[in-house]
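Each of the two complexes below includes subunit A, the first together with subunit B, the second together with subunit C.
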Partner chain A sequence: MSDFFDIFLLEAVINGLLLGGLLALLALGLNLIFGVIDVVWICYAEMMMIGMYTIWWLHVEQGWPLLAAFAAGIATLAVLGAALHQFIIRPVLAAEPINQLLVTGGVLFFLQAVATVAFGVEFRNLGVRLPTFAIGEMNLSLARLIAFAVALAAIGATWLFLSRSYMGTAIRAISQDRAIMPLMGVDPGRIYLTTSAIGGGLAGLAACLLVLQYDIHPAIGLSFGPITFLICVMGGLGNLIGGFLAAFVFAQFIAVGGFMFQLEWGYVIAFVFFIATMFWKPEGLFAKRR
Partner chain B sequence: MLELNGVSAGYGAFQALFDVSLKVDAGEAVAVIGPNGAGKTTLLRVISKLIEPSAGALSMEGRRYNDVPAHEVIALGIAQVPEGRRLFPRLSVEDNLKMGAYTPAARSRHAERLEFVYSLFPKMKERRLQMAGTMSGGEQQMCAIGRALMSGPKLLLLDEPSAGLAPVVVQSIFGLMRTIREQGYTVLIVEQNIQQVLKVVDRAYLLETGRIRQSGPAAELLASDEIRRAYLGV
Partner chain C sequence: MNRSRILGGVGLALLLAAPFAGFGTYPLHLAIMALLWGFIYTSWSIMGRLGMVSFGHGAFLGIGAYGSVLFWNTAGVSPWIGAVGAIVLTLALAVLIGWPCFRFRIVGHYFALVTLALSEVVRLVIVAMRDQTGGSLGITPKSALVDGATVSVGALQFSNKLVWFYIVVACWLAALWVWRWVDRSMDRLALEAISEEEDAAASIGIDVSRTKLKVTMLSAAMTCIGGVLYAQYQLYVNPETVSGIGISLQMVFGAIAGGMFVMLGPTVGAVFLLALSETLRIAVGNTIHGLDLLIYGALLVLFIIYLPKGILGTLLARLER
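For the complex of A and B:
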């Protein structure tokens, strides 16, 4: 086997690792919502898409500095997450899971339609092109490296928040026994709203990172939503650590599979792996202990 | 300290409490005894506002609190150890205790009260990093009581603390009750283990099918023919 082959395989593995960080960030938001509120936001990636448009519109159309547009994008999605909970999820909290899925599925198509009406179907981009740089014979993209570092930092910060703060402890506690939360002086509704805002904010952060790498169009959520959902299922829905690990496994299938064959084949292999997982370990590779 | 006046409550069409009046004075330990299904747990749930009373008045330290939402009752100084302990099983002992100190007022005294709870129950300090759900029933009861004490309550409500525990452990639970009394807490305890509980409280109310049937000093109830016949089997 030639050195040439090895160095590009290594590049694929590194790109997989970088993609894994981003997918892990997406999975964290979706998993957090599911783990705490027991509802799957099928429209999660579409919310992220709205965040990407928000950033693009503020930066390109309104001339905001990029970092200000990023901050506004995150804030917008935090508000959108809280609003989604308040107006869409709360009324169906006691309903059958299938109804909850359908209603967030409805929001998915609603957001796509709204984006199409507001921004059209043409591809948009920020016009920001971050350089790539070479290490030896490998070409690495700065945008991907930044995305990876920021995603991991955000995951770490979320972890610290959940494990150290009072609010974070309450967020972990409420999924274990909601009914007695008032005896602790906790208003469950407020915890749900806060969790939803955090979930939205994480989608907003993912939007900041993706908008540096991808063009924006109304259907871009479909490139990330199904993968994110499958990663969460593979890691054991609601299991934050499982989702984190599964994101890296999945990303390697995409990156290395895509390198060995063709880019599209990476996804085919990854989805076949997912389906096989569902036969072999339907509770997820890293199932949550009950 | 706590006063209930003509309180009725229920679940939907089912009425569980009828015109219940009782009071607990500062420094007292009071028991509500009665058979299974008498409405004892419902009574504590009403006091903690987990259920809205359909009639009657609740007051704490002379202030009516019918309109206070459930999650603000703890700020009035009322903490409850619920039936079955209800710890967060996959949180550590320390995190369970932290949840007891969630209110802003309690947060500022978290470290000090944690020390106090650990001095009261040294076992909890040894187990502080253990998942609460993996401890024995007696240890869980200690943790549940510790969690309630973390809010610095004026009044401690205990719902069937001995239920579901082995006889040896039940003895140690009533030992805990004495420890808590010695710390000067005002206590309202609901129990089916009538003989035991009447030995650790000052006064008691007998609740049957949602109504107060009898009340008086604990020693008096323990000696009453009706209670001896119906509940103590002598």
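For the complex of A and C:
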């Protein structure tokens, strides 16, 4: 009986690893925006929720092919991200930091309400069920494997973009010194907009990957938002590599904790671990000392 | 006696006499809710205005609300004792979160995100303990008002709204007094120095973590009492209305909408938010599910963009000019 238990535990660990890729993708978007603009989008997971609904609506209601719906979902969120910056973040950039946080909190309510008004509170799903396959006695889902691979590829692509392209270099430069870049002839407004669009697009990609695994409802953002915040804080806000590593640690807590007890307890254990880490390594688990 | 003191006295007398003007039970209910939320928002502002922006006070509100109900329902312990238990738990949690945060300089955005996650974790614990708490469906304290009784002091249950009105007024006045007391204490000066420049404050001998922790515990305990009052007045609580992100953000909104830097600001915010949600509820109704929340969210965003100092804060700044 005991090795039977172990095989399920191993399955939970592998599922945790696969979830880690997704959380790392979400953390990357949030971290990128914070690193560049110095604003946390509290509504980040809710934007992802809007992306999931967009894909669902285009594919199920409008009969678009799935890949086209995915592309449209990513594009919609990139535009939404840019719009969020242009119309809501920009006017409060000079205000107190708390107002910047709060204004995106207002957007969180707003987006949840938009989804409720437009689609109701019923659970929706794509109706696409990718096969699962068995390795030994473990059942692994293809959707999760694809999500993991795509998330890692996207993170790699973002990394290449930031380190190799001109725009990427400008983005990294402005995150290091906000004041000096305008003097070098870089228009920070444009960089902020681009970053916001990329951040939105990453949320859109996360939406594509999540919509294959989860049912959609207006509050689904709450299942991913708080855990993403913890990941970013633990990795050191704005620290892309720290966030990437912390995502995998947290995903294990959720997957294994949820497997041993209940899903809710998995989140609670992750949070307790987070607090314990702050006592033990206050600069963040993977953050560089400043 | 200066003018503002006379004004305050007259206002208080009017407030205390208001229930006898014969407005009926619905306005009385609204007044109770406004003062109760005014009390809770004021409790939040006691730390919020000193640079410690907590997005997680829903955690303390939830512990208060569920603490008193659970003690009463499962063990038959009076909510008075349950409240003490809830406060002890709240203080322990506040220290557990606050100490590492303050000790290790988790401030600003970091602090907000950590506390936001805390409130969500408390919500999840309430949901996960569904055998005791009823999960997402919520819970009702067992009624102590048998045989037509209207008052049960031991169970903290009163069917007469008038009793609740005076209880809530008393708590609200106490919160204002605490606000004033903190405002006049050395700790406020210390905290203002800290929120300006933490290193400089530490260098002149201010124990930064301890000062912050003191105010945090005070604010958390008061919010917990607010949770107890809410549960006992409404006689129904569910995880969404007393804990989690929604209510935690609402507290911050309320305080900021009114103006968190002036004593009556949070109360004005409570009146404003209550008026807004009641108007939307009546005007929009339940015909389109979520429409009221949509307008609410949009208005809050506009509010923060165009009136960042809050209603009372902006008004007072105008008057001074």
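FYI, the second predicted complex is superposed on the first by the 276 of 290 C-alpha atoms of A that agree within 3 Å, B and C clash if a C-alpha of one lies under 4 Å from a C-alpha of the other, contacts with A are read in each partner's own complex, and residues count from 1 in each chain.
Note that a residue touches a chain if its C-beta (ideal position, glycine included) is under 8 Å from a C-beta of that chain, and two chains touch if they have at least 3 such contacts.
The model shown is predicted, which means the values in this text are computed figures rather than measured ones.
*Asks:* Once the shared chain is lined up, is A:I275 touching subunit B (first), subunit C (second), both, or neither of them?
*Replies:* In the superposition, A:I275 contacts subunit C only.
*Asks:* On the A-aligned overlay, A:V233 touches which partner chain: subunit B = first, subunit C = second, or both, or neither?
*Replies:* The second partner, subunit C, only.
*Asks:* Tell me which partner A:L67 touches in the superposition: subunit B (first), subunit C (second), both or neither.
*Replies:* So A:L67 meets neither subunit B nor subunit C here.
*Asks:* For A:I42, select first, second, both or neither according to whether it touches subunit B, subunit C, the two together, or no partner.
*Replies:* second
*Asks:* A:A170 contacts which: subunit B (first), subunit C (second), both, neither?
*Replies:* A:A170 contacts subunit B only, not subunit C.
*Asks:* May I ask you to name which of subunit B and subunit C touches more residues of subunit A?
*Replies:* Looking at subunit B versus subunit C, the one contacting more residues of subunit A is C.
*Asks:* Touch test for A:E96: subunit B only (first), subunit C only (second), both, or neither?
*Replies:* Second partner only, subunit C.
*Asks:* Touching A:I180, do we find subunit B (first), subunit C (second), both, or neither?
*Replies:* It touches subunit B, and subunit C stays clear.
*Asks:* When the two structures are overlaid on chain A, which partner does A:L160 contact: first (subunit B), second (subunit C), both, or neither?
*Replies:* Neither partner.
*Asks:* Pick out the shared contact residues on subunit A: the ones touching subunit B in one complex and subunit C in the other.
*Replies:* Looking at subunit A, the two contact sets are disjoint.
*Asks:* Enumerate the contact residues on subunit C facing subunit A in the complex.
*Replies:* 48, 53, 55, 96-97, 100-101, 103-106, 108-110, 112-114, 116-118, 120-121, 124-125, 127-128, 244-246, 249, 252-253, 256, 288-291, 293-294, 296-298, 300-301, 303-305, 308
*Asks:* Any idea which subunit A residues touch subunit C in the complex?
*Replies:* Touch residues, subunit A against subunit C: 34, 40, 42, 88, 91-92, 95-99, 101-103, 105-117, 120-121, 218, 222, 225-227, 229-230, 232-233, 237, 262, 264-265, 267-268, 271, 274-275, 278-279, 282-283.
*Asks:* Would you pull the subunit A residues touching subunit B in the complex into a rising list?
*Replies:* Spelled out, the residues of subunit A in touch with subunit B are 166, 169-170, 172-173, 176-177, 179-188, 289.
*Asks:* Note which residues of subunit B are touching subunit A in the complex, please.
*Replies:* Touch list, subunit B to subunit A: 48-50, 69-75, 79-80, 82, 86, 88-91, 95, 98-103, 106-107, 147, 151.
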